[in-house]
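What follows is chain A paired twice: with chain B in the first complex and chain C in the second.
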Partner chain A sequence: MAGKSGRTIQSVQKNSLKSTLLSWEGALAILFIALNIFNSIISPSYTVTNVLREMPKYLCEIFMLFPMAYILILGDIDISVGSIVCLSATMGCFVCNTGLPVGLSFLTCLAVGTLCGLLNGIILTTFTELPAMIVTLGTQIIFRGIAEITLGSGGSVSLKNTAGYNAIAGKVGIVPIVFFLVIIAAVIFTVILAKTTFGRKLYAIGSNRTAAHYAGINVQKCRLIVYTIMGLMAGLCGMFLTSALFGANTTTGQNFEMDVIAMAVFGGIATTGGKGNLIGGIISAFIIVLLRIALGQINLNSQLILVIIGALLIIAVLIPGISSSFKAKQKMKAVE
Partner chain B sequence: MAEDTILELQNITKIFPGVKALDNVHFDLRRGEIHALMGENGAGKSTFIKVITGVHAAEEGKMILEGKEVHFKGPRDASDAGIAAVYQHPTSYPELSVAENIFIGHEKMKHGLIQWKVMNDEAAELLGRLDADFGPTEEMGALSVAQQQMVEIAKALSTNAKIVILDEPTASLTQNESQKLYRIVRQLRDHGVSVIFISHRFEDMYELASRVTVLRDSQYIGTYDVDKISNADLIKAMVGREISDMYPKPEVKIGDELLRIEGMSRTGFFKDVSLDVHEGEIVGMTGLVGAGRTETMESVCGITKPDEGKVFLQGKELHIHRPADAMKEGIILLPEDRQKQGLILSWGLNRNVTLPIQEELASHGFNDNKKENELSKKYLEEVDTKAVTIFEQASSLSGGNQQKVVVAKALAQSNMKVIIMDEPTKGVDVGAKAEIYGIMGELAKKGYGIIMISSEMPEILGMCDRIYVMCNGRVTGCLDRGEATQEGILTLSMENSAKHEHAETEAHS
Partner chain C sequence: MNSKTQKKSIWKTIGKSREASLVLVLIVLCVVVTIMNPTFMSIKNIGEIFRNNSLTMIMALGMLCVLLTGGIDISITSTLAFAGMTIGLLQKYDILHNTFLLFVIAMAIGIGCGVLNGIIISRGKVTPIICTMGFMYIWRGLAYVISNSSWASGADVAGYSDFGQSAGPYVILVVVYVIFFIMMKWTKFGRKIYAVGSNAEAARISGINVNNTLTAVYGIMGLLAGLAGALSVSVYASAQPNMQYGKEMDVIAACVIGGVSMSGGRGSVVGTFIGALIMAIIAKALPLIGIDSIAQNTIKGVIILVVVILNVVTQRMMDKQNLERRAM
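What follows is the complex of A and B.
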């Protein structure tokens, strides 16, 4: 019945270099370059070799950025991940210390993480009216509680045999193995989010859960999958953190959830759901990591570093609002 | 300026970023008059109201209230000057009581303490004047939309408003509730209050207004005496062109049975509903709001779970557990609330159209953007969507065009057989309404079975081959096109409730 009016609708999208540079990701990329220049000015020891050597313990956290971005895009949140890291690292260490093969210890980390994530997912998808913030606050306390019980009165566990964990803490040339793994994970998670039907579903659910349901998307299944992956990646983080620290204690992974959420938000992923992409998230993660390394190198006290990063985060959330109101004013002038 | 003019607006121009929302608009309101304000969606009615109520300040123009020029800096100034507005969706505090809602912002105080007794008594008196069937201490959230509106009107009265503005008050009301509202509005007028009434329903205007002002494309078209302008002329003024045939119902040969529902029930919502739809048939489902029409169809489509009942498609029994199952079989529900249930407003039109079929178009789980864009362009054009590109955000379209996008979404699913449209023209303006009816007719010609849930009598009578009437969760009758009349439908949609009420009063006595 082709349109009565014979009106046609354009289906060609213009993508100019200017719009790419003006996007949030473009701005972050520029900031990333500027930060590197700034870092090498303030810190004489800011060299590729040094930075790569200090990176592994920060890189572990980035594993969790990817699924956290998914969760935020769904319009959900998970603040139990720091505790999952602690619990899986603790369990991994104990299994390793019993003398079982180190492979089983790795597997324990991943399995414990996955189970924790699955538990979050099952609770949230069974009782859909519960807010994710509260449920994961509950499991945050539970998971860390279980870890503390396991750790006992000493509150910590050290690896008796570090050989196995040393292997995954190794390097290829000057680049740590974990760096490669982060990059591989980054590519996989970014592509799934941006190019696949699954990624599209996550955006649909986060933008309008009811409409997504009406459009035939199995909302709860998607949430369950994503929360479980979140657990798995937290387990992976716990495993690599153990390889960097050779043990676990009651404060392992503390505040990791906030670090990861901060990276995502700084990268332009809205906590209200449906907005942002992983490219922004990954650049911002490296910005935060590199800033921490450089400020650490010049012996700035770590509390002050937190203040600086917190301030940056608030500025980052403010900018989109300011720029949109600026654009609105421009448009207003154009009409007059 | 005539002696009895209470409010006059001259040359009002209001600019928003990127658009002129009002362009040189005039308006005058007489004391004790009911004045209708009409125009299509986006014509500028709501903006105009917001200028009067001080929400927006106009860039140009004069506003004269009782002979004096006024400049409102905010809604407070307007309400102090005796202007009150009742909006389409009451902006109340659901957790507070009726009395608190009425007196919010001007509570009865003594020595800094709220005088609960005084406030409740006065609220009760106001509600009594409006003939309300609820008390001042009831919780606002427990009331129906109609009752909440009544509270809003009581609130307007409590401030001794001289001018009351009603913004589409009948949009979510049933026939009965509308009648009651008409009575209240006339009562206001008889007490010397001037009323500005915005509505899409011509019925409202003919019932109430003595004059009507028409806006179109942000411009003032004219002010007419209601009894001196013909319906066709008024539509022409609103739409800017003549609509020759509002209900283009094509003669379609009714084919084989598509969908059949047998004995479907869901406790508390509907009971023992059976109905069927054939190829090329447009079937109406009408009744009062809350009769269980939407709920029935939601169960058919797997959005909610029915307690019992069977669904057959082309003679084969289906087992539908979620919307995806229904869509796979070829049944789709286009929900009533397009913005909340039908569309992802922040998304482009293209992705909205292809969301349910993205997996069919994808290869190995990867989205095929090219295919998606081609398909969405094809179907958006087929329903004649007013859009420049397929990447436009759904939120930027008018209600009527959003509805078209929802229809395009259904058409893009190649296996679709039954399209269930829930209030397809709600909040849609006259011109776009006619277009949507046109699309429905075309779909019927192509052999789709269509179920239209609607409370609007004219479209039910104008478009449907058969009409099911529901009342209190039951189907009370099925009328053929030939035998259906407005009275017949009304009787069927109320007969049970009358009986029910009767039974209840008997039980009480």
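What follows is the complex of A and C.
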């Protein structure tokens, strides 16, 4: 049975070493190793301790990669997440500054994020004709707008009491807590996607929404759940971003949505839906994070990273197209 | 009785024609704002609206073409920054000061960026949003790299910025809109764009070179982004690598408010113009009627959502009515 992706689904999957290495994830893993070697050559301060110390502020974006991968597999998109991060970080800061216990501030971050995601989901599932792009564009502007109103004319807020947020920015040995959380989240989301009915439903919806609907899958319920989780994880990202920056401003989280989508697409998840898995996404996320750290260490113009990410992204999306057209040509020749 | 049916048909045309209902919204908006603050309808104010929003209005035309083909281009403001930064630097280092040539260079850079987008999207079969996202990073990053994250200040572009304060932006705006109005309505190329957007497969079978049309459309988008870059440096009298950051969403929003469908094949130049104008007027009017300009973004977002949701609701009602009529 071939899906929209052209992938055949077998009852028993064969995994030879060759096919593992030649798959997209295999290529990414090789690139990941090569990058580490490259980084340690160009930057003398590229050590485990240093990298782990600089990691937290980049790691929180990865929280959003997992639900974004779900959304892309559904064939949808969410470009409002950067604004959700901004809004939840802002609200979290304000709650913390009023003197309430810091736990309440964390809860605010998560609750605001979840509510925003839920709102996206409700609009999208009530008016199913609307493209996700335009709805989340609208909410993107609204969420950041609300954050702007809350922040007032100054446009920024900083934590008065950083003790609580310092706690979650802490370390176990040399490994930051947020690193463990990212790994735990990665395992949970990967297992759900690969091994549960819910994960298979997502692929089914992404491959063919109408067919999935007729097969008895509650498409809109799945979308609502995934968008809400997206909001929750964006809130989590906002919470950890606050712990790294000790404040929020109107540009907090700007362009995060594009960073996250870039990570996912570079990891082999197609925006047309139904294709890709989280392992590729996670490796690609760490490739981008490590590249940023290394380029930061050697004092290169930090914006050069934008050019590199862009180029990687375009190459990554061009390769499957080129290789499939190459294969098609070979097939044509074989037929002749 | 007769007049009643007449009235009904007027309402029907307004309801059916997207442009007519948009004009109605525009008029209501203007009247309400003018009643609350009469200074709104001054020539100076209206001139400012057009000058400050000429970039969005010009790029909205390119975005209209791209959306008509069913694609999207989110790299435009990066192209704008790259082209604008290039001409800013040319002046900063005293290489070139000829306004006309600078415009040509910016537009040439824009075409290059756009055509590259078009080739990758049409030949490489890459999803438009991903391809343009890649270039969004690349051009923006290059704008930072070539300028070494510095600015070209007002003093650097002194002579050049006179153009932006003259009638220049208005002339360009009018010329571009007239050209596009004619192109989309009466030329073969314009009809090809609609054909590709409505049904690419049918267009291909009927002999339209879809790949070339797509490449041309993205090329035009790039050209307009380059032009907007040149205008931006001129109007705001400075060039920064982060200029117009994130404004591509405003351009898309203007198109969507103007009735351009995101799935392709539906939309018009007039609608796009009114959509861009509505957004511009809201931005300008809020401070005038006593709403803090901080709330501007929230209101903008709400309007976008309301417009697209209203669209769906009216469409559903019309479908339902049609079904009922058929049942009778």
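To be clear about the criterion, the second predicted complex is superposed on the first by the 311 of 336 C-alpha atoms of A that agree within 3 Å, B and C clash if a C-alpha of one lies under 4 Å from a C-alpha of the other, contacts with A are read in each partner's own complex, and residues count from 1 in each chain.
As a working rule, contacts are C-beta pairs under 8 Å (C-beta built on N, C-alpha and C of every residue); 3 or more make two chains touch, one makes a residue touch a chain.
What you are looking at is a predicted structure, and each value in this text was computed from that prediction instead of being measured.
Touch criterion met: A:N208 reaches chain B, while chain C stays clear of it.
With both structures placed on the common chain, the touch criterion links A:L306 to chain C but leaves chain B unconnected. Contact with chain B, but none with chain C, is seen for A:F198 once the two complexes are overlaid on the shared chain. With both complexes placed on chain A, chain A has more residues touched by C than by the other of chain B and chain C.
Contacts of A:I217 after superposition: chain B is touched, whereas chain C is not reached. By the touch criterion stated above, A:I146 is placed in contact with chain C alone, chain B being left untouched. When the two structures are aligned on the shared chain, A:F127 is found in touch with chain C, with no touch to chain B.
When both complexes are overlaid on chain A, the residue A:L52 reaches neither chain B nor chain C. Only residues 72, 74, 120, 124-127, 129-131, 133-138, 140-142, 144-145, 148-149, 241, 245-246, 249, 252-253, 256, 262-263, 292, 294-302, 304-305, 308-309, 312-313, 315 of chain C touch chain A when the two sit together in their complex.
Contact residues on chain B toward chain A in their complex (touch as defined above): 15-20, 303, 322-324, 326-327, 333, 335, 340-347, 349-351, 355-356, 358-359, 362, 365-367, 373-374, 376-377, 380-391, 409, 438-439, 442.
Touching chain B in their complex are the following residues of chain A: 1-5, 7-13, 195-198, 200, 203-204, 207-208, 210-218, 274-275, 328-329, 331-332, 334-336. The residues of chain A lying in touch with chain C in their complex are 77, 123, 127, 129-131, 133-135, 137-146, 148-149, 152-153, 254-255, 258, 261-262, 265, 270-272, 301, 303-311, 313-314, 317-318, 321-322, 325.
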